[in-house]
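Please read the structure below before turning to the comments.
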Amino acid sequence: MELVLAGLVGFLVAGGAYLMMSGQLIRFLFGLVLLSNAANLAIFAAGRLTYATPPFVLSGQAAPAAGVANALPQALILTAIVIGFGLLAFALALAFRAWQALGTTEMDAMRACEPVNLTVGKKDEIGLDGPQAYARKEREAAE
Amino acid sequence: MKLLIQIYGIVNLAIYFLYELFVSSLRVAWDVLTPDMKARPTFIVMPLDAKTDVELMLTANIISLTPGTLSIDLNADRTELLIHSMFGADNPDGEIAAMKQGIERRVLRATRGVNL
Amino acid sequence: MNSTILKTATRVLLPIFLIASVLILLRGHNQPGGGFIGGLMAVIGVALYAIASSVDEARKRLIVDPLVLAGIGLACSVLGGLWGAANGGAFLEGVWPFYEYVPGEGAKGWPIGSVLLFDAGVYLTVLGAVCAILFALEEAVYTDKEGRS
Amino acid sequence: MSLADWIAAILLVGGGFFAFIASLGVVRMQDVYIRMHASTKAGTLGVGMIAAAVAMTASGEGVVKEIAIILFLLFTAPIGAHLIARAAFQSRVPVFTAGEAESAQESFLCENQAEAAPPSPAE
Amino acid sequence: MPRPLTLLPAVLSALAANWFAGFIPQIAAGQALTWSRPWIPGAGIEFAFLLDGLSLLFALMVTGIGAIIFLYSAVYFKGHPKLTMLLILLSLFAISMLGLVLADDAITLFVFWEGTTITSFLLVGFDHEKEKARDNALQALIVTGLGGLALLAGLILLGAEMGTFRLSEMNAQGELIKASALYLPILILVFLGAFTKSAQFPFHFWLPGAMAAPTPVSAYLHSATMVKAGIYLLARLTPALGGTEVWFWTLTIVGAVTMVWTSILALKQTDLKLMLAYTTVMALGALTMFLGGGTRYAAMSVAVFLVVHALYKAALFLTVGLIDKGTGSREVNQLGGLARAMPVTMVIAMLAALSMAGFPPFIGFIGKELIYEASLGVVTEPLFVATAALLANANMVAAAGLVAVAPFFGKQCQTPKPPADPTPWLWIGPGLLAVLGLTFGVMPSLIDSSIVTPVVQSIIPGEEPVELKIWHGVNLPLMLSLLTFGLGFALFYGRGQIRSSLQSDNFTGGLDANGTYFLWLKAFKSFAAWTARTVQGGQMTVYLRTAFVVLGLLIWGAHLASRDVFEAPTEFPDLIPLTISALIAVSAAVVLRTASRLYGLTALGVVGAGVAILFVFYSAIDVAITQLLVEMLVVLILAVALVKLPKMPREVNFRAGDAVIASALGLGVAFVLASVTSKPFDPRITEFFNAASYPEAFGRNVVNVILVDFRALDTLGEVAVVLIAAISAVAALTAGKRALATKRGGNK
Amino acid sequence: MIETLSEVLLETRQQGPLAVAVMFAFVMVTAALVMTTYRLLKGPTLPDRVVALDLISILLVAILTLFALSSQVETYLDAALVLALVAFLGTVALARFILRTGRSYAQFNPSERED
Amino acid sequence: MSSGMLLVWPIALPMVTAVLTLVLRRSPTGNSVSLVGAVALLAAGVALLRHVLEFGPISAQMGSWAAPFGITLFADILSAAMVVIAGIVAVAVVIYSRQDVTEDERGVGFHALSHSLLVGVCGAFLTGDVFNLYVWFEVMLIASFGLLVIGGRRDQMDAAVKYVGLNLIATLAFLTGVGILYGAAGTLNMADLHLTLADRQNETAVLAAAAMLLFAFGAKAAMFPVFAWLPASYHTPAFATSALFAALLTKVGVYALLRVFTIVFDGSGGFLQPILLIGAVLTMVVGVLGAAAQNDVRRILSFHIISQIGYMVLGLALFTPLAIIGAIFYLFHHIIVKANLFFVAGVIRWKAGSEELDKIGGLLKASPLLAVLFLIPALSLAGVPPLSGFWAKFIIVQASLEARDWWVALAALAVGLITLFSMTKIWLAAFWKEHPDAEPAGMPVAPRSMIWPIATLAVMTVIIGIGAGPLYATAEEAAVTLLDPLAYVEVVLGSEAVAEARAAEQKDLQIAEVAQ
């Protein structure tokens, strides 16, 4: 089964990377979720799999039965899942605000922080930030 | 007395409900497994006697879990319930009456402790 | 979401979730559960409530600003850690004033101590932090330019 | 095999059957409302029976948990169905109809202005 | 009368000069004084100083001429708003220069060396409102900075080869380095440092540009002291590095070419100051050339010429300053017949110029005679050296005429200001220098054994120089001197014609070092811009691809580098977990392909749920529960945010390149995982946790005990992450909404 | 037969008829899961997908419960219970998503792909 | 309380401060609490450093669970000194932020986020456990996310998308790498990993884990070619934030490289060593070329961070004792100088109204003091003696020359010159050139809360430069644990474990000899 998981992790990694490279904010987030799952599964598999024997000390005993599953990677994954959730939540909030601010979800069209022509050094305020941002600027100028 | 009626109402409602759920599942099974579709689904609107939030919720929920009907929504002033009915196209009024008798009455008895 | 049915349901569900979450927190040391899972359960209860009613209602229910709640949670965890140190041990060392392990019989007494404080801190932090995110996101998304929701 | 085990086995078979039926309904039926009939009723019953089966063989605490599961599903399944149906209704999902459904739908929609937000400018 | 406080640097400098002069007897007696303190003991670097003949001469020049320059500057810039800054910078320079010539530790020397570079930069750009001044300052900085870096490398290597950074110790064991394989690289590096600093060909071009500095600064830095740092360095290291063929040929040829070439360029100039600048380079060339020679006369000519040049050139620069101040112009063509209006200035100019032209009885004559003596004494190519010297000296005569004769005699010209002699505060300094030039010429014994001999002995240890005399009888050098005067006069009288022919455009062709510098600068700038555009073009997809490619390559590199053999397990997995895995994969594939937000969202939900089921099957119950809860929340927040996010544009094209990158990465990771799980596992950590969980940590749920006890610090950090994520997300969602469209606010 | 099933499908710790019943239920529920996933991916409308997702979460509760029985590890019931409690949230969130996007299927053509 | 708490305070104190400033984020008291917290952190760092200097490296086991089971915190001179420097930067940033950070930015938690960042930074410096290191990296990362977006302007949003996007990839690589490493070695404790990995089992997994960690740390350190997040973002937030980032974030990456690639992977990442070397040189060169092409003060400075990171990584890549000393010295010096330059950039912005070179000028006339305060860190950055940067560059160049890596030395020197060039670019434009439309006399006076931190750091730069001897000695001592991993292991796992390891080593040698 470890081999299956290895393949699955590889597939999730590939899929996540492909989605992220699309340069589209929502696909990027989807890719991020896939990669997080892949990382968790990777830790899980690397800690070796044990079928249906959770690491609990049963009542009346002082230690878990022999052959229980490896508890440490579980604890690590738990930590990783929660951290991953925090990161994802922030990334999502950011994506939302970036869309509001920049008027595009195409990362390549987000050029507010990096000028188009580095040699000239003039910041390109309009034109490359997508039609919405342009329209908003126009509106603000009118107000 | 009221309390007794209420307890009786709750038990009655629970048994009725489980029975209906079982029957409705069988009905679904029949419909799913038989290749041709005999049902003539439609939307029907049921006027409500239930008033409080809990009454409304229970009525709607139980209607959803009983055969052939599925609660969709309350109207704005909470006097009507929109229902999707699998077999009510032929006789919507009969269906409504059955629901009011079978379900709403039991719910109100359970919540208000009054025989209606 | 303007549904009487859902609103009514969440009024019942919120206490169920909160009680369940606290049980999960308390049982966590011996059964599946713990601060995270408990905290997340509580969050889901609050989230349901917020969806059915409104974020403002949910904020009122929480009483404390969720971020402050999370801060208090983190402070609890740190205190739980320092308790061990103050007790003459290391940072994050477990202190169980009313609990001891009897070989052959198992643990006896009240399982209350620094570790529980730590885990309760985890619970509160998760609850506060995730609620804060949810509320802020909800308000940002469903607030128009003039600030109305 | 105790009697409890036998009952459990029967419940399991029934539960598996209804769970399967529920999904078959969701796959096979004509429109979203009819599919929802299947998933809500058969699904809830199927899972409920499986839970009951486990309750038959479980320890005391397990029984409590199973009952909790059953009650909870019975409570939430119809509410979930209500929410989905409502959303489907307000977004005018096509209906497999016997005739007057359209008009009922229209009138109800007119009475109860959909809470649906106007399409956001982005879309 | 300038403000008293502005005279403070002059006074201090004079006191310092006096203090150094007090060492003359000791040094003349053959002593060398050292002083050192450990600086960075670990690296063998000391704060070490040495006072011997060579450093004493330089120290005297720095402080003595320094005193005159400080006085002159204080008066020259009286009332100028930047006078304080000028004096501070000049003082810093003087300190750096003094440190440079006194240092006995290579790194200490370098520290001060760079100090002169930086202070020079700031002084050249003194008139920084002018773009030209800024450009020239930058040029000076870049060229000397370049040399400085080469020098640093050279000194480090030298130190490594010699096992010490002490210059005196290096000089004592020169054979060691000359036998080393690194001798040549070290030599090249040191030469680069010296040549750039002393403006030797082909790095001569920055010095005229540096004349953008105020005149007293030019007199001090770019004539009397700083530009001689390169010469000083070569002289200082002669015992260690000198005496080889490479040394001789490089210094001789570079010196000679510089000398001749810049002396011709000097004639081309119409700005008196620029003309002096070129003659300075010429003089530096001569010094370089003779340092290559390595003979007694060569060393003597270096020593004497250092003194000669310091005296007359500083005097002339300051005189030009006086002319500039008095008339408002430095242009040869605009000046003439000033003798009547500026008699004192004229006298000083004449005295200095005569020394420059090498007329007896000025010290310049002795210097020139020594030069010819040394040229003829060169072992290998005396004719070449002598011819070069002759040409250069003749040009020097002509240049002297241009500075001291042309402006004061002949037709009176209209100048921007009515000409007049300046206040004595200004002319006393240059006057003193000019008079000294005459005094030393008449009485060479004043500097002979006291100054010159110790310098020669610093350059060639143990060498006994001959006595300095103004009259050696009729010999070949005297003949050459006469020839020089003749040629010089001819050049002076034909100056107009020569200048116009020199100024024709095609003259510099191919040797336009200044143009080359700007060409390179431009090329460098566009290369930098190209690099910046390429690596930081602002396109996120490029950044992302780069990241994934790098990660993939690294992982595949690990595979290729590893000698592990992979053994596939034989066991076939159970069908239901396999089905769940397939379900996850299919859902992930759906996420890949869909253009629908909700479709992707629900498919992600299935992926998460599927993973949770796998966790359940393989005993990770707490993980499974957490995964389910988190998945639910993820769906919730995505559903909230996606409502307002726009539709995903449908991907029109399959991105084959990206697919290759992604697949390679995925395969790489999969193989790693397959490899690691095929090997036996060392469970000792977990075994400890299992054993201690209940008896020691009172918990039956081992995973939970790990989280809250065994590895509670992880959990603490993780909880902090959650809290911070919340603060950050809330900040992102609520912060400065009004600021969205603006940039960082203006002045507050 | 039980051994084979247990070997091929999923190892169970039950014996006899109960084991058979467990296996049967497992197969049925897994099959249901796969079929429902088909509906989830097929759509065609958003509400269709949400219905599918709702059913999937219920089926997952079933799987967890079954697994607790099959493996005789009662703690798995906790997972089932938690999922039963929270699965509802997903449905609520998605139903609301449908409402909020304001998508109208009035002129919907099932062959058209949605977003 | 034991001496182990010395290791805990640098993590716990900023955590507590973060909580307090979070609660007080809308109250003016928050500022003072923040300052007190920063000073407390500095004090904790100093106490730790003094202890380490006196008694040598120390370690503490969290929860008293013995290594390698519980989490180890470890401090040698390197980590303790890094904590002290982080404390210095913290105090400076908090003071500087008083005027630089707006009311709005404070209201959403500037101070809480800054101290959270410090939690992560100090945690990363002190931990002796790779997974724990991952956690602290995350703490630092997510706090930096918040600080980056806190102003809410559109260029910040763009910057944050790039910063977050690229850093998340690195972070996932880190996590996966740690997982693989655990799968291969069965342990997470760095000292234990050193012993476990010595027997070269599971080579693929170990190398791949090393590769993933190199990628993660390299990206965090902004190495070529995965540095794009840095120049895209560092010029957008508040100046105090820029300074905090510039001082600490990339340096944590470098620190992690230094630590993990000496202790865990034993100084020889195998095939990674040449990659590290080439990467370091390209980082230096490309970074400085990028800087030379910029026309915006903070963008110039940002590219310089990259370039300077190259020097530090070069120290590790050369892996000679001298080179490691150089890397450490560079690390110390660069934090102070880089923070200061970003502070100065803020004052330039304050007075001249812009950061773009062609829109500013006249500052030498307006404030000669500022000119001096700029020149000190700027020249130090360019490696002009006797400032701190000179010694840093000197040691690295010396190390590469002694290693006979001529082209590396050439690159290091050339980069120094180009650095000087781009620093003069700022000098020429901001200080020498006249302002296009403002009179020097009319420029606003910079508040003292901005000047004091700059002046203090400048004085430190000069002191470190002129008095480089003690710092050099410190770096030399700090290199000891990096160069001799068993010294590290001994502190964490005790001398018995080390004796066993040495015996095993001997045995291997004997076997090898017999085989021959």
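Chains here go by letter, A, B, C, D, E, F and G, matching the order in which they are written, and residues are numbered from 1 within each.
Just so we're on the same page, contacts are C-beta pairs under 8 Å (C-beta built on N, C-alpha and C of every residue); 3 or more make two chains touch, one makes a residue touch a chain.
These figures come from a predicted structure and were not determined experimentally.
A.B. asks: Could you run down the chains that neighbour chain C and chain G together?
C.D. replies: A, E
A.B. asks: From chain B, which chain is the farthest off, judged by mean CA positions?
C.D. replies: E
A.B. asks: Hey, which chain ends up farthest from chain C, C-alpha centres compared?
C.D. replies: So the chain farthest away from chain C turns out to be E.
A.B. asks: Counting C-beta pairs in contact, which chain pair has more, E-G or D-F?
C.D. replies: More contacting C-beta pairs are found at E-G.
A.B. asks: Just how far, in Å, is the C-alpha centre of chain G from the one of chain B?
C.D. replies: Result: the chain centres lie 67 Å from each other.
A.B. asks: How many Å are there between the centre of chain E and the centre of chain F, using C-alpha atoms for each centre?
C.D. replies: 71
A.B. asks: Taking the mean of the C-alpha atoms as each chain's centre, how many Å separate chain A from chain G?
C.D. replies: A distance of 25 Å separates the two centres.
A.B. asks: Which integer distance in Å separates the CA centroid of chain C from that of chain D?
C.D. replies: Distance between chain centres: 30 Å.
A.B. asks: Counting only residues that touch at least 2 other chains, which ones in chain F make the list?
C.D. replies: 11, 26, 33, 46, 50, 52, 67, 75-76, 78-79, 82, 85-89, 92-96, 98-101
A.B. asks: Considering chain D alone, which of its residues make contact with at least two other chains?
C.D. replies: In chain D, the residues touching two or more other chains are 17, 22, 24, 36, 44, 46, 75-77, 79, 81-83, 85-86, 115, 117, 120, 122-123.
A.B. asks: Among the residues of chain C, pick out those that touch two or more other chains and give their numbers.
C.D. replies: In chain C, the residues touching two or more other chains are 1, 3, 5-6, 9, 30-33, 36-37, 41, 44, 47, 67, 71, 74, 78, 81, 91-92, 94, 103, 106, 126, 129-130, 133, 136-137, 140-141.
A.B. asks: Can you list the residues on chain C that touch chain G in the complex?
C.D. replies: 67-68, 71-72, 74-75, 78, 81-82, 84-86, 88-94
A.B. asks: Show which residues of chain D lie in contact with chain B when the two form their complex.
C.D. replies: So the residues of chain D in touch with chain B come to 17-18, 21-22, 24-25, 28-31, 33-34, 36-38, 40-42, 44-46, 74-75, 77-79, 81-82, 85-86, 89, 95-101, 104-105, 108, 111-113.
A.B. asks: Hey, which residues of chain E end up touching chain G in the complex?
C.D. replies: 38-43, 85, 107, 110-111, 114-115, 118, 121, 125, 128-129, 131, 134, 138, 141-142, 145-146, 149-150, 152-153, 156-157, 160, 524-525, 527-529, 531-533, 535-536, 538, 540, 542-544, 546-548, 550-551, 554-555, 557-564, 566, 668-669, 671-673, 675-677, 679, 681-685, 688-689, 692, 709-714, 716-718, 720-721, 723-725, 727-732, 734-737, 739-748
A.B. asks: Give the list of chain B residues in touch with chain D in this complex.
C.D. replies: Listed in rising order, the residues are 21-22, 24-25, 28-29, 31-33, 37, 39-45, 57, 60-65, 67-68, 70-73, 75-76, 82, 84, 86, 89.
A.B. asks: Flag every residue of chain E that touches chain A in the complex, lowest number first.
C.D. replies: By the definition above, chain E touches chain A via 526, 529, 532-533, 536-541, 544-545, 548, 568-569, 571, 573-574, 577-578, 581, 584-585, 588-589, 591-592, 597, 600, 604, 607-608, 611, 614-615, 617-623, 626-627, 630, 633-634, 637-638, 641-642, 644-646, 648-649, 651, 655, 658-659, 661-663, 665-671, 673-674, 676-678, 681, 683, 685-686, 689-691, 693-695, 699-703, 706-707, 710-711, 714-715, 718, 721-722, 724-726, 728-730, 732-733, 740-741.
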